[in-house]
Amino acid sequence: MYFYGKKVLFLGAHPDDIELGCGALLARVAEQSDILCVTLSDNQDNPELGELMREHYESMDILGVPREAILVEKFQTRNFARDRQQILEYLYQLNSEHEPDIVFCHTEADIHQDHGVVTQEALRAFRGTSVLGFDVLRSSYGFFPNFLVEVTEDEAERKLEALAAYRTYADKYYFDPEIIRSTLVRHGALADRPYAEGFDILRIVGRFDQGLH
Amino acid sequence: MYFYGKKVLFLGAHPDDIELGCGALLARVAEQSDILCVTLSDNQDNPELGELMREHYESMDILGVPREAILVEKFQTRNFARDRQQILEYLYQLNSEHEPDIVFCHTEADIHQDHGVVTQEALRAFRGTSVLGFDVLRSSYGFFPNFLVEVTEDEAERKLEALAAYRTYADKYYFDPEIIRSTLVRHGALADRPYAEGFDILRIVGRFDQGLH
Amino acid sequence: MYFYGKKVLFLGAHPDDIELGCGALLARVAEQSDILCVTLSDNQDNPELGELMREHYESMDILGVPREAILVEKFQTRNFARDRQQILEYLYQLNSEHEPDIVFCHTEADIHQDHGVVTQEALRAFRGTSVLGFDVLRSSYGFFPNFLVEVTEDEAERKLEALAAYRTYADKYYFDPEIIRSTLVRHGALADRPYAEGFDILRIVGRFDQGLH
Amino acid sequence: MYFYGKKVLFLGAHPDDIELGCGALLARVAEQSDILCVTLSDNQDNPELGELMREHYESMDILGVPREAILVEKFQTRNFARDRQQILEYLYQLNSEHEPDIVFCHTEADIHQDHGVVTQEALRAFRGTSVLGFDVLRSSYGFFPNFLVEVTEDEAERKLEALAAYRTYADKYYFDPEIIRSTLVRHGALADRPYAEGFDILRIVGRFDQGLH
Amino acid sequence: MYFYGKKVLFLGAHPDDIELGCGALLARVAEQSDILCVTLSDNQDNPELGELMREHYESMDILGVPREAILVEKFQTRNFARDRQQILEYLYQLNSEHEPDIVFCHTEADIHQDHGVVTQEALRAFRGTSVLGFDVLRSSYGFFPNFLVEVTEDEAERKLEALAAYRTYADKYYFDPEIIRSTLVRHGALADRPYAEGFDILRIVGRFDQGLH
Amino acid sequence: MYFYGKKVLFLGAHPDDIELGCGALLARVAEQSDILCVTLSDNQDNPELGELMREHYESMDILGVPREAILVEKFQTRNFARDRQQILEYLYQLNSEHEPDIVFCHTEADIHQDHGVVTQEALRAFRGTSVLGFDVLRSSYGFFPNFLVEVTEDEAERKLEALAAYRTYADKYYFDPEIIRSTLVRHGALADRPYAEGFDILRIVGRFDQGLH
């Protein structure tokens, strides 16, 4: 099955979430569609993460995402629950300005205190739009990918390369290339494909059409 | 979100199932893709249903499905469970001959004794392929459409017209145009669209792409 | 199956929620039982909603609910999560004063930021009591009605009439009479009845009895 | 909440299932409604169960069920799956002759090879009717009672007395009075009542009404 | 199946939660493993609960838990949601200091406003560790025990004795010995054992091994 | 968490199922416990599989399973549904002769026509015993491992070596060492361990104890 959106929004809580969750697919979408990558917290409260923004831009660059397609906001890490109404209003505005056809954000199953807020508010803000959930290993809990998206070996490699740009996190097990690659292979195997990224479905509103007009 | 398949298979247990389950979408797909509509039982054991095949072809014709895209097999109504291995083998062959990109069949939630067999065997036979489940009111049980597909007013009207061709079932409440139309409007409202048909997701294997090549 | 409560509580977050969620059933219950309709926020912070309270009373009047059976409180819209402990204490008091046999409130599946709070606190406050969840289209998400309640054509019509009293919301798609009616017909069809309203079950504590004493 | 049916059908696979699953409620319903207790297999293939039918009638008598309200059929134990079409046709006929308002049968969660067949066919045969599922300990698996029905101490005692009539099964742990009683107390506690029997909901179609006419 | 942890953490929101949820198992574990019992709120804001801490220690003593294995913190009852980040940080520290092999805490299904917070934060804090959920009757909602743990009659008796130490709560129905005992018997019956305590599985990370080294 | 059984039964439909599903864990258990590996069909109806039995014994030998701990029966592949009552009776006998503490069999989520039968009958036959479900990629559907079991690198390697013994299936993608290894790494990552095999929980009946006596 082919699926397509002319405008695609990728939404993550922190720098690295989008790349971890669906970097290979992002590399593919960036070549075909008008994309926007929004990270809600820049994590700059944490002095140990001084290099993070630079790494995020480098990582996104490897995936083919130009600087102007990247937004990084200043919602406060670990306090998204407290600030959920402002996040919702921010997303409402994003929706009316960009009108995405598809939104990729955190899976509902994720247990990080900020990630679940992103998902809930995205479901509210992007009514009538398809919303697919990606998984991030460090806070994964009970995620099952019933929407498997094949990616090429080249796209898989670019995901690995993009994640290697996060030197700050080089020691984290969830940045381990073998684990990243194994997830791509495992999800590929579930789909009878060499590589795939897996999503769960928060809401699908589709039109049968190649989207040519 | 756009979705698309070059070859699309519609699979129902009895004449009328495909049209009831997704007639409006079928009218749309028939214009864009290479389709095949397979009904597993022709119901011709039942002497009261003598007109049924004629009505099925007429109904399909209204939806734009040519005769050569329609197969009606002779598996015995109400005994699909007994004959499930043969049905599976039939579907394996269908898969190797036609290699569909998307399969539409009965939802897993359906409680008719034959419908569930179709769904189970389709999941086995079409591994690595997207399978979406449609609902048929007379045996509906706990179906929730998390894959909503918008259709136009014209496609909705053609579904109503196609079902009217089943004069044999004119008195059945589940052929009542008001109920058919209400379902299209209700599913549309869930999707913020005027009309939609609803499916549940048995398996999605997708590729982000317009499918142009 | 007949079901009955001598004292029935309808609980909504905002004016219009109860009528949208179960106006037809409310018209029926109002004739047979001692009812109380509680709306937690009067929405009067919003200057564009100046007519809302008048419309709510008019709408309720059409459904046969007398003014003294209507309570509208001043919890702040969009901040129910912040104020959940006070809402819980309010509901505890409501329970000890009114001792309802059945409570109708928002379904757990609803994604509005205030609606879910009402449901959660109602489950805490009305322990040992049946609680049924209604759906409101603008924030509907994955709702499936496994408790279908038939209503008459007259009750269905009164729901439509009551909603027409909300002139403030006349342009909202979820007040569109065709959508309201289609939902009543669709849920009716699931129950083999001409019209029904659908609920999900948050908790049932029942007694087999006609409730005559 | 009160609930009521003028005609109530109790449906079990084998003698003892109905009494184990909902004997206390049956004792209550038998006093208020027109009931029918149908057991699909008489288990008379098994020579060790020669006393079983006598015990079943005695047990039912203790619960206040007259002989003419008891049907015991001859479907073959352990082969219900093979004979499911005949069982379905039997239930269709039962439905058209008796037109029950409520059907109590085995929960869908039950793992006995015959019990699940009864449930599936009942859902098909009694469309448009409320169907509630009871649990039987020996084949219980993942049952959760979201429909709790309070019973009196006297009704609880009569259930214990009725089960004691099954002398054939006196050594079975699932006939142990302490276990039977503990289940009644535990389910009562979940409902804030002294005693309750628990059901899950297979389908509810209700009317708000005392059922007086 | 045997299961075992060298270091076991029991985590409850309020004094009495651990004993109510799994007192019999705690009596058993206390004899075999290095345990720690942590209660997050001492409930000492409430002047009617002046005896509670004494009763908690007495109750724990009956179960064989020495004073030094008991921690009672001062998070504020009913405000755990507000204070969730501090609770999470407290649990992170607990994890790094004690490194438990198994954590017992409230089931996710519990509807008390504080209990759910404990569960969510425990899942975050104890990543890579087995977490099992216990049920507490006063806020039980939809709990199903798919991890049944047998206990001896003596352990069951000690649970009853320990709960009797809570004279402050002597009138609460959920301290009623018959209800406590019925729950032990009912869960035992589900497991084909005389007595069991029931848990649901929040996460299992196991090693097949007797844990001798 | 440690878990342990003195007698462990591994139950698969066809030669290769046990090794694919949990070969690494089997290598570990074989060193510590009294094991029995039962395959219900020898697949010898299929002339292309003439080497299969030899390969099965060789594969099991690599995992440390002696010939006398291996049973291969002659139930007919693809017809387990038809023969389910005989399979059940076979399993009853297995249970009374071997009395396993833990049973590993196919996950309930598996869609192969034979695998589901094994699971259902195992749940019936081994009442009161823990039953864990393993996944087999070729018929995997919606499996999520909530019981993760860590294995060592050596055990992971032996699984790969054992599967290489199936030269008959050398071309099947689900025997591809990279896919097998990726699954071990991915499941390990979910558990914060280098390697793990994943199971779902069909039933757990446990005792807190090291199982020394």
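As written, the chain order gives the labels A, B, C, D, E and F, with residue 1 at the start of each chain.
Just so we're on the same page, a contact is a pair of C-beta atoms (placed from the backbone, for glycine too) under 8 Å apart; a residue touches a chain by one contact, two chains touch by 3 or more.
Here the structure is a predicted model, which means the values were calculated and not measured.
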{"item": "Partner chains that subunit C and subunit F have in common", "value": "A, B, D, E"}
{"item": "Chain copies touching (subunit C, subunit E) - same or different residues, decided at half shared", "value": "different"}
{"item": "Selected from A-B, A-F or C-E, interface repeating D-F by over half of its contact pairs", "value": "C-E"}
{"item": "Fitting subunit A to subunit B on CA atoms, where both chains share a sequence, rotation angle to nearest 5 degrees", "value": "180"}
{"item": "Subunit B and subunit C, separation of their C-alpha mean positions in angstrom", "value": "36"}
{"item": "Centre-to-centre distance between subunit D and subunit C (centres being mean Cα positions), rounded to whole Å", "value": "34"}
{"item": "Residue list for subunit B, restricted to those that touch at least two other chains", "value": "127, 146, 192, 203"}
{"item": "Each pair of chains that touches, named by its two labels", "value": "A-B, A-C, A-E, A-F, B-C, B-D, B-F, C-D, C-E, D-E, D-F, E-F"}
{"item": "Complex interface listing, subunit A residues touching subunit F", "value": "137, 140, 142-144, 146, 173-174, 176, 178-179, 181-183, 185-186, 189-190, 192"}
{"item": "Residue ranges of subunit D in contact with subunit C within the complex", "value": "1-5, 25, 28-29, 32, 101-102, 127-130, 146-150, 191-193, 196, 201, 203-212"}
{"item": "Footprint of subunit B on subunit F - complex, ascending", "value": "78-79, 81, 111-113, 138-139, 141"}
{"item": "Subunit A - residues contacting subunit C, complex", "value": "84-85, 88, 120, 123-124, 127, 203"}
